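In what follows, a structure is listed as structure tokens, so that the remarks can point back to it.
Order as written gives the chain letters A, B, C and D; numbering starts at 1 within each chain.
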Amino acid sequence: MAPRIGVYVCHCGGNISEVVDVKKVTESLGGQGDVVLIKDHEHVCSEVGQKLILNDIKENRLDRVVISACSPQFQGGTFMKTMEQAGLSPYVMEMANIREQCSWAHHGQTEQATSKAVDLTKMAIAKARLDEPLEKKVLPLGKRVLIIGGGIAGIQASLDLGDAGFEVYLVEKEPTIGGKMAQLSKTFPTEDCAACILSPKMADVPNNPNVRLMTSTEVKDISGYIGNYEVTVTRKPTYVDPDKCTCCDKCAEVCPVTVPNEYDEGLTTRKAIYLPSPIAVPNSYVLDDKSCLGLFPLACSKCKEVCEVDAINYDVYPREEKFTVDTIIVATGFDIFDAREKAVFGWGKYENVYNALEMERLLAHSGEGKPLKDLGNKVAFIQCVGSRDEQVGCEYCSRVCCMYATKLACLFNREHPGKEIYIFYTDLRAYGKGFEEYYKRAQSEGIKFIRGRVAEVVEDSETKKLMLRAEDTLTRKIIESEFDSVILSVGLRPNAGTQKIASMLGLSRSQDGFLKEAHLKFRPVDTLIEGVFLAGTVQGPKDIPDTVAQASAASSRAIRLMNKGEFEAEPIIAEVSKEMCVGCGVCAEVCAYGAIEMVSSADNEGVRTAVVNEFLCKGCGNCAAACRSGAVDVNGMSDHQISKMIEVM
Amino acid sequence: MDLQAQVRQAARKLLDDKQVDVVIGYEAADEPLRTTPCFIRDSQEVDRLVWNPFCEHNLAGYLQGRQDKAAVVAKGCDSRAIVVLINESQVQRDNITVIGVPCGGIVERKKIYRHLQGADIREAVLEGDVITVKGPGFSAELKVEDFLAECCKFCSHRNPVLFDIKIGEDVPEVDSKEQYHEVARLEGSSSEERWEFFKKELSKCVRCYACREACPLCYCKQCFTDQSLPAWVGKTDDISDTMAFHIMRAYHTTGRCVDCGNCERACPNDVQIRLLTKKIEKDVKELFGSEAGLEIGEKTSMMVYKENDPQDFIK
Amino acid sequence: MKTIAKNKMSALLDALIKKYQVFAPVQQDDLVVDFNAIRSGAEAYLEYNNSNEPVKKMFFPQSETLFTYTQGGSTETPELQPKQPRVIFGVRPCDTRSLALMDKVFDGPDFQDPYYLEKRKNTTIFTLACNNPRNNCFCSSLGYGPFFQKDTDVFMVDLGEKYLLEPITAAGTKIVKGLPGLEDAREKELSRRKALEKEAAGKITKKVDLKNLPEKLSGIFDHPVWDEIHEKCIGCGVCTYFCPTCHCFDIVDETRDDQGRRVRVWDSCMYPSFTQEASGHNPRETGKERMRQRLMHKFKYFVDNYDEVACVGCGRCMNNCPVGSDLVQVIEKINNLKREDVYE
Amino acid sequence: MQEQPENWEPRIIAFLCSWCSYAGADLAGVSRCQYPPNIRVIKLPCSGRANPFYIIKSLQQGCDGVLISGCHPGECHYSSGNYYARRRFAIMKRLLEYIGVEEGRVHFSWVSASEGEKFAKVVSEVTEAVRKLGPARRLVKNEFESGATI
């Protein structure tokens, strides 16, 4: 059946008609069979104008409306509502922009502006002719959220969501939550003890009735989409029942295996059965089956023998667990830069070169009165190790190193007054609240800040002292000096495990390797994948307050979606013709939203074709332009429509 | 053992061991200087298989959409096409066995006919690198290397990049520096000259679609030329439509074309369509630094982007 | 019977050009010859083997506007009659023969195609005997041969120094009468003609036996041999577009805004779109059905309808097939099917 | 420069992404930036929507010029559509010019929603470039006119 199109050309109270000859436009449009009526009006968008349209739709059984007026970005919404009022799909209305892009831009050129207005209106008619009455799609949403990563970001997000009544699954691959923050000595600029402020928060997690904590657990697979994420996790056994363990330490005492302690960055040792950290949550010993003498077959059972509460059970195995969530927050954090990549500084080779996280642990221990090492009398910090350094592929600033080095220097200085402490920096960035003041204070306390990049560190093989060479770029003097210890302020790198999660979810990375947010300014915690959010350093280097803020932001964005109970999707989306699709996958590859899946399904005779997820697709049409077969098109913006618009030319 | 014997031996073993259902290779054609694709299912028939510089077809196209287990004889370019087909999920790696044969270049039959001014060649015998051709009242000895197809002359991948069975030793790769000389020559001429050249060249096209069908990477279920909503390209032999067809067909090979020359070889009217695909191949290399069909798992150049891709042409 | 010295041929053509639009073989490059309208006799190149494309396009062009229309109703049919009477000069007997076969389709008892016929009526054909059949030629298996002189207006033979001209039809006689430079043929020349005919026949080595083919084909519609025959076919249209007897077409509308034209364009039974239905269903779903259709049409259905096979043995389908598919071998394969394999 | 028919005005088709360039064109109007009235705009969601067929079809239809405009790199509303578009256009533009379509028929630009003035400038430049070239002849399909095509 031929469409019945009504066309309205607006004068816009002279805005249009002072340049464009509106009468002539209406006259030039005639002669096309399915254009049932053409009218002009002083203000089509006015009450009167809209009533006119409503009335015409009813009386003339119009099923397409073309409005030749202002920009659709200006009044498009108004007319879409009018269509709905008339009981029509808002997507069978087209606008020709003869104001912003015609009358306002072509003053005094009535003839040409009029002819342009005619063409633009004809193009809108050509498009409207092929419009289909699309409808919005609605997806019911539940209140389940998966949080990947139990660092401070994951903890904050879990608590926010749990408190708000959402069902949280917090997955952490390590045996305890707490992440990198749990390893820190104190935090800048306030110097409050990291463990002291973190441990209550950590303890809140298992106590929150809405949070299901899964430590020693890795995400194996995620499929599906918003509202329907099917998550498969692998739960690794710890062999110790946390509910029974009393942390009496007897098991560790008898354990014959000693290995480097990760929590202390290998500066101390632990046993094969151990407490992951003094503030571990769950607060329980765990058995590390990789360093244990052997469980299959059992080589030693000393720990089990001494356990008075019978908390140890060797007969447990990794198991998979599946659950479904509606949204996901990725908070997989960062890794520190591996300073071995910067071989000129000798980390891992020279005895007295430490990275900053090692320094954190050294200070944490000495702070407790149990010093591990003597760092000597002259200590240097080298900044920007693995940051702002194209040689190692990190162009970005890691944002926290200036301040943590200042903090470590201050703490060390206060513990060992009278020592010489140098910080060799590129630029000193003290941009946060209280940062500049902290920097000033450090200077006043005698920490020497030298603006200059250190070229190399050379160890005296006899004395193990370290020779540093740098240029003080402020005084233009070459500094060559011997130090007892050197601390490398290593930068932040994307966590090694993040890529796996990113691939599962179809998240893209920024050039720096951190996960990419949907919009750097306006959607900093959203991703392009609907229902997936980022929190913390997984998105880029940041300090604790920013991480916490972002975690709360991510929670709030997740709540924004789930609280409504449903998700509404625009109908202007891609559509795949199964008959034409050859399954090459180029569409899925170029889709930024992971909205296209290549499926070989039984109802398609096992043939692999692209399938568009109508809730994830944003209708950008990149897939359609990429498809060589012409199998992908965009509803309401089809190739056929565009080709007919071109034909008007 | 010569390469042909090795191909036959490999085929025999694959069929006898029931590793494959069919071996796709070449057999002699009735016409001199030609071979024709053949499908061997019985090991008794492997002696039909031949290997010589007349094995001009890219057999990769026969793999697309197969349900059975197939072995295929593949030269360098054929193997690259197979890689692209695998990467585009048109061929399942597990279902195919690639019999890789290093290739010294393929003879372009029409060059010989041109050289002999259209002589009526009734017989051709290849011995070593010399082809002896005979016809009513004449005979001539020709060297293979003098009649290599254009795409073979500067081929940068004569040895298969993917194979399960390798026949013979790798041949030395040739200097491919000059491979774009024809494109470069055209680029050096004026817009007007290029237009006249391509208009004339493409007006020879009769829209038989042999180029498209011969291309192992043209595998759409329905080509844009046959689509009607919208009908991007008219069906008549109007030169504008013919040019539009060739522009878009070439464009669709962007970052995928392996320059096997099958399209141009298939053309009954000798339209130099490789000049289009070769231009794109050159641009892809220049602009995006990529080359098609070298590695399983690689993404073709239109599937990816770099944030710093060249954009000096954009205002 | 007349002769003309080769060096006078150009003048003869010039004389024809004054009254007719003359199409003659013209060298396109050092290998390819095709029929073009010539403006001077010197352009003609008669020392050719055969034209790359058959002459059918002179009567049944690849695209032909049937009529134009505008939205609102008016249609306009183009002028069907050529502006000038035409001569096609130097056509090989196989192509001449193909026109006789095409006539059966476009000028049948029930239907006459004006677009084809107006051109046909206004065209005089000069056939040039084929002294040098090529390795893919097999016209002698089709009941005629390289010196076949029916179905034409004037028959010519290249005698070496001269051409022999023999008017066949009244139109031929009339046209030859007015041509300059002709001499009466001598006995010696007529015997030379005979010798050349024999020599030409001897050059044809490809042979097919068509005697029982239609009957055999009718029994093997579902035979697995088709799987084998089509297997290497890539489904292009070369064999049909270059076939002098293939005449299938599609009718398409080309529109732009409010105007349109209806065009007849060549189509090929080898294309999937040839039988694609609007529903998406395709009765000839794979290359096998399409290959079968092509051969059935040529060697069975056409025979059923017109008592002739729709093949002239010119060999173009084999010359041009991108994958070297060999029609003669295919027919042989079918002929060799054992009786028990063929069911009624 | 070829001879131009009297009163000839170039007809230029423009494909603008809706988030940046179309909004930029709106801003040009709102700011009353004046530019030549020769363009006819088709709004696309993203420059990544622009199938190279649009360019070919436009040229076949006799458009004297084609402009495609999207968001600046890194500002695509759909994150990366313009990056893909950029690759497609780079290849297509070079191919068209190689085949003999005059340089200056097909143009690309990045215009953001805040660049009304830039939009007006781009359109003026494009119109001027096309005007210099004269009416499009190459690749134009003249199926409704008698005589030879192209």
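What to note about this one:
We take it that a residue touches a chain if its C-beta (ideal position, glycine included) is under 8 Å from a C-beta of that chain, and two chains touch if they have at least 3 such contacts.
Source: prediction; values computed, not measured.
Two chain pairs, C-D and B-C, are compared here, and B-C has more C-beta pairs in contact (counted per touch definition above).
The distance from the centre of chain C to the centre of chain D, with each centre set as the mean of the Cα atoms, comes to 46 Å.
Inter-chain centre distance (chain B to chain C, centres taken as mean C-alpha positions): 31 Å.
Averaging C-alpha coordinates per chain places the centre of chain A 45 Å away from that of chain B.
Here the spacing of chain A and chain D, counted between their Cα centres, is 36 Å. The residues of chain A that reach two or more other chains are 579, 590, 626, 639, 642-643, 647-648, listed in rising order. Multi-chain contact residues, meaning those touching two or more other chains, occur in chain C at positions 254, 256.
Across the assembly, chain B contributes residues 222, 224, 230, 232, 234, 236, 238, 302, 307 that each touch 2 or more other chains. In terms of inter-chain touching, the protein chains here all touch one another pairwise.
Here chain B touches chain A in the complex through residues 88-90, 219-222, 224, 227, 229-232, 252, 299-300, 302-304, 307, going by the rule given at the top. Chain A makes touch with chain B in their complex at residues 511, 579-586, 589-590, 598, 608, 626, 628-631, 639-640, 642-644.
Note for the complex: chain A touches chain C at residues 31-33, 579, 647-648.
Chain contact summary for the complex, chain D toward chain C: residues 61, 143-144. Looking at the complex, you find that chain D touches chain A at residues 9, 11, 13, 18, 22-23, 25-26, 28-30, 32-46, 48-54, 57-58, 61-63, 77-81, 84-85, 88, 120.
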